[in-house]
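Two complexes follow with chain A in common, the first pairing it with chain B and the second with chain C.
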Partner chain A sequence: MTELLIEQIINGIVAGSVYALVAPGMTMIFGVLRAINFAHGEYYMLGTFSAWYVITKLDVSYPVAIFLAVIITMGIAAVIGRLVMQGLVTAPFQSGVLATLGLSLILQNLIIITFGGTYKIFPGGWLEPVFFGEISLAWQRIIIVLVTIGVFVALEFLVRRTRMGKAMRAVSQNTACCLVNGINIERVVLGTFVLGGGLAALSGVLTGPINVTVYGGMGEAITLKTFAVIVMGGMGNVRGTLIAGWVLGIAESFVAGFIGLQYRDAVGFVILIGMLMVRPTGFFSVQSRF
Partner chain B sequence: MSSRFASAVGVAVASFALSCFVVVPAMAQSDVVRIGIVSPNTGAAARYGAFAWRGAQLARDEINASGGINGKKIELFQGDSQCIPTEGVSSVQRMIAQDKVRVVIGDVCSSVTIAMQPVVENAGILLVNAASSNPDITYKAGVGGYKWSFRNYPTDENRASVVLKYATEQKKIKKFAVLSVDSDYGRGAIVLTKKYLGEFGAEIVSEDYYKDKEADFRPVLANIRRSGAGAIIMYGLADTTPIIARQMVEAGLAGKVILIGSAEFNNPEAIKIAPTALNGAVEAAAYVPEWDTPKNHEFVATYRKAYAGETPNVHAYAYWETMRLVAAAAKEAKSDNQDDIRKTLSTMSYEGVMGKVTFDDHNQANLPMILFEIIDGKPVIKGTFNTQIKYSTR
Partner chain C sequence: MTIESTSLQASGARTTSRAASRLMGVAILIALLAAPFVLDSYYLHAVIISMIFLLPAHGLNLIVGYMGMLSLAQGAFFGIGSYVSALAAMHFGTPFYVNFILAGMVTGLIALPLGIPALRLRTYSFVMCTLGLVVIAEAVAKNWVGLTRGDMGLSGVPQPVLGFGAQPFTVTTITGYYYLYLVIAVLMTGLFYALVVSPAGRSMIAIRDNETQAEALGIPTWSYKLVVFTISAAFAGFGGSLYAHYLTTVSPLTFQMFYSTTILIIVLGGGAGSIRGVVVGSIVFVAVSEALRISPEYRMVMYGLVLLLLVFWLPSGLTPLIDRGLAMLSGSRK
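Right, the complex of A and B next:
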């Protein structure tokens, strides 16, 4: 029984790391724009699709594909950031909802029109299992957890120590003061957006081998789960999303393992509703935000 | 006075506009036979939909090349159900209202077909299902209620018992875990399986249903590994089979626990990425391309020629055959009116690839199913069985 418990916690941490890698982008965009990016899961999808494309069509190896997928997705995010997200700086809240929901539909359907609606099998990855007693895990899963921890250490450094990070924090606290101090808000928004898109793509391309399939609508479920994660972590709180991602992953894994797989997707929503009712600021204090 | 004049003008303009709408399609209607094809072209069953659409197109081209239906060419209209009932209903409504189709062939997913049945019933449009297996679809058709619903596909009623019998008697497995798709098809097949557990001395040790977009099966597979189950009963989606198979390899289940049921275990792509997980898998299906008859060899050869060497799957076959069945009924009725086709269907006898097709009083075609096992990466046919059911026993 203890071993099963440990195995389910490990499964949960792997699943949670996938959410945790996607979430900082969404929470940082909320920080600087006060807008929920409902298209955020699409960058996860675009990352996975880019990797699938370069591996199957251009015969690139998987490690190179990880790098290319992140670059390609950041490029797409830069274009969308310039055309759409920067325009949301002065726009009312509802414009952000409509614009990002619209973007989500456009990106999904562009992919479906270009590559067809069927599932594609993702090639590559490090799938040889590692054994810990009875429990076996593919290397890929261990890599996902390690990369996630590494990314969060780097993000912490970026947000606390660099000029870009300080500008991001300033914009999320008070835009009027930023203008007075000569911080270019539009540039900070664009930078935040491209970084967040790149991280979502990284999550997608690392998850590709264990989730096996790639398809146009794969980002939708991730967007909804990420939303639950950023509410749990506290909207705008970067380090909170790591803990929140793991909590959601482990909770899902327990529900799927001990109650039934069919209830898994409900976990995120139940936590979301519960958090909004009991503690809408998230697990952590408002002061701990970036 | 002026307002009355305005409303009179309004009515005149509206009726003129309406007459344009009515007249134009009516004129276009006369020289072609309009058939709607509903299948899931995006989402978790998109693989099925892509095959179904190619099968239907092949049949259209063949029929049109040989003179069409009573001299009229077939025109196809495509609807994407996404395997979601509301999407299927809205595409069928669009086909009826805008495309003026008289016959609809669809859907693959049982939940969608069940939702479409009342829509075609109210509109008086003929629905010929080609690929849904939930028994309720024809329990409620013919003398069961819906006059406009037919099914040219075997039902799950007997499949569940045949699969269970093979697993318990040939594979000597007594403990089973359930991992099926959370839909009318997946849950319905398990309800039927449970009826036969006692008869074959079988036991279900765990029961899970996956959502169509689920991608992480590790928590469930961890449980199944400890449960002592010898097989996973899976009535699922072909696109999810590769995910489960590969995660079975990773979790150390491959080679120890087999898959039984129906989720296209013979999909070459799935076998390629997880051969050990699919070896020994047992499936009952309406069709396999390996079916060894001259008629089937001819179909497979034509299909491969039309689609760059691709081998057809069960859905490509089912839609292709059902198109031909509808065309044959229209020819026999000497009419492309849906009511004439409907009446002919219920009395006619059609010679198909899988044998002679006749419909019972529930509008259910009498068709066999094939039982196969994956041995060394290839499906090996273990026999066929009858799917005809006695409605009174339910």
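Right, the complex of A and C next:
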């Protein structure tokens, strides 16, 4: 029983790390733009797809593919950020919802039109198991957790210490003061958006070998789960998303293990609605700030 | 996006084009009545689908255009309505009009308790919550196998049985469907019009424009929001009933984002807060893309582009264009 419990917790942390890597992008863009990005999961999908493409068509190795996939996705995010996201700086919240919903439809279906709607198999990855006593774990899963922790340490440094991070926090607090102080809001929005897209792509490439299947609609479920994560973590709170991602991952794996696999994907939404009702500012703070 | 055109604010423009508007209405009605003699059955099918989607679109228009909130749950209520209607018809063999009314009422009753917590949320929290309702409705439809037969869905929903007396009459031809659904669509549009021009409709507009002031004027804003949410869900339920009896199958696929998105596009593309906008929107965005046999993927890309267009260039949808066209017809300049 305890073994099963430990296994569920470990599985939960692995799955939660995947969500935690996607979530900062959405929570940061909410911070600087006050907009919910309904297209955020699509960058996860684009990352996985780019990696699948360069591995199967251009025959590069998996580590190179990780690098390329993140670069390609950041390139696409830069174009979209320039054309769409920067235009949302002064817009009301509906504009953000509608524009990003539109982007999600466009990206998802362009991929299906280009590559076909069938499921594809993701090649590559480090799937050799490592044994810890009774529990075996694929290298890939350990790497995901380690990369996630590393990314969050780096993000913490970025947000607290660098000029860019200070500008991001400033924009999220008061846009008028940023204009007075010569902070270029549009550039901060673009930088935040591209960074978030890159992280989502990284999450997608790293999970590819575990999920195995690649298809155009895979981003949607991630977008929906990320809502639950950013609300739990506190909208705009980067640190909070790591803990919130793990909480969601562990909750899902408990429900899948002890209640039934088919209810796993509803967990995020039950948590989301519950949090919105009871504690809309998230676990950690009363104010929603970086 | 600000919702600018309303029945109140547009009244100035309406006086100049009222004659043209009336003429246009009569022309459209004649065209619709004559359509089965001119169009072949595939185009009739396209018009029928757009009439089905018109009902949930009216419902969403009530929330977006008259209450100023954005909901993605309309697809869920559409699906619930289709299940209610299908189950009633298959288990109890009730006639079509009973199923139709039942679908709307049950959907409204399901929406009422969901609205109580959801409507306490504002802006993006409300949007995320309504999206959650869709996902949960889909999970229920997939997993409550005893009632819904899960992923297989319900097939063999009977075609509409009409007739109030001793002679029941089953609609089987596409022309029959066309006239039946046309009558329903016209009646429901009339009902919707009666609702929004009534004092209740004016109170809704007051709440949208300034909730605090509306409350101060003695309008019970909370009850209004709840009732509007319920009515809009009922409209979606009516539409779902038409859909179930037309396709004769119901499945969890109805809870895909496709439906909520399509309904959203009709309302925002046509112009939230405007009945003629929504009617034109359902023809432009559903009938035309159905008639041109655009594959779902290309259609979704088109919808995505329409959404971006609406945000950046056409915040009031097609309504200002329709009004300009009407003004030109009546020979007066705006």
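Keep this in mind: the second predicted complex is superposed on the first by the 286 of 290 C-alpha atoms of A that agree within 3 Å, B and C clash if a C-alpha of one lies under 4 Å from a C-alpha of the other, contacts with A are read in each partner's own complex, and residues count from 1 in each chain.
Assume a contact is a pair of C-beta atoms (placed from the backbone, for glycine too) under 8 Å apart; a residue touches a chain by one contact, two chains touch by 3 or more.
Note that the structure is predicted; figures quoted are calculated from it, not measured.
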Give one word, clash or fit, describing how chain B and chain C relate on chain A after superposing. clash
Once the shared chain is lined up, is A:276 touching chain B (first), chain C (second), both, or neither of them? second
With both complexes superposed on chain A, which partner does A:136 reach: first (chain B), second (chain C), both or neither? first
After lining up the shared chain so the two structures overlap, which partner does A:4 touch, if you call chain B first and chain C second: first, second, both or neither? first
For A:211, decide between first (touching chain B), second (touching chain C), both and neither. first
Scan A:256 for contacts with chain B and chain C and give back first, second, both or neither. first
Looking at the overlay, what does A:106 touch: chain B (first), chain C (second), both, or neither? second
State whether A:36 touches chain B only (first), chain C only (second), both chains, or neither. second
Touching A:265 in the superposition: chain B (first), chain C (second), both, neither? both
Figure out whether A:117 sits in contact with chain B (first) or chain C (second), or with both, or with neither. both
From 59-67, 113-121 or 257-265, the chain B stretch with C-alpha clashes against chain C: 113-121
Of all the chain A residues, which ones make contact with chain B and with chain C? 112, 117, 220, 262, 265
Please output the residues of chain B touching chain A within their complex, sorted ascending. 41-44, 46-47, 49-50, 80, 179, 182, 207-211, 213-220, 222-223, 225-226, 239, 242-243, 246-247, 249-252, 269, 273
Chain B partner contacts - residues on chain A that touch it in the complex: 4, 7-8, 11-12, 14-15, 112, 116-119, 121, 127, 129, 134-138, 210-213, 215-218, 220-221, 252-254, 256-257, 260-262, 264-265
Which of the residues in chain C end up touching chain A in this complex? 1-2, 70, 117, 120-121, 123-125, 127-129, 131-132, 135-136, 139, 142-143, 257, 261, 264, 268, 297-298, 300-301, 303-308, 310-312
Which part of chain A faces chain C closely enough to touch in the complex? 35-36, 84, 87-88, 91-99, 101-106, 108-110, 112-113, 117, 220, 224, 227, 231, 262-263, 265-266, 269-270, 272-273, 276-277, 280
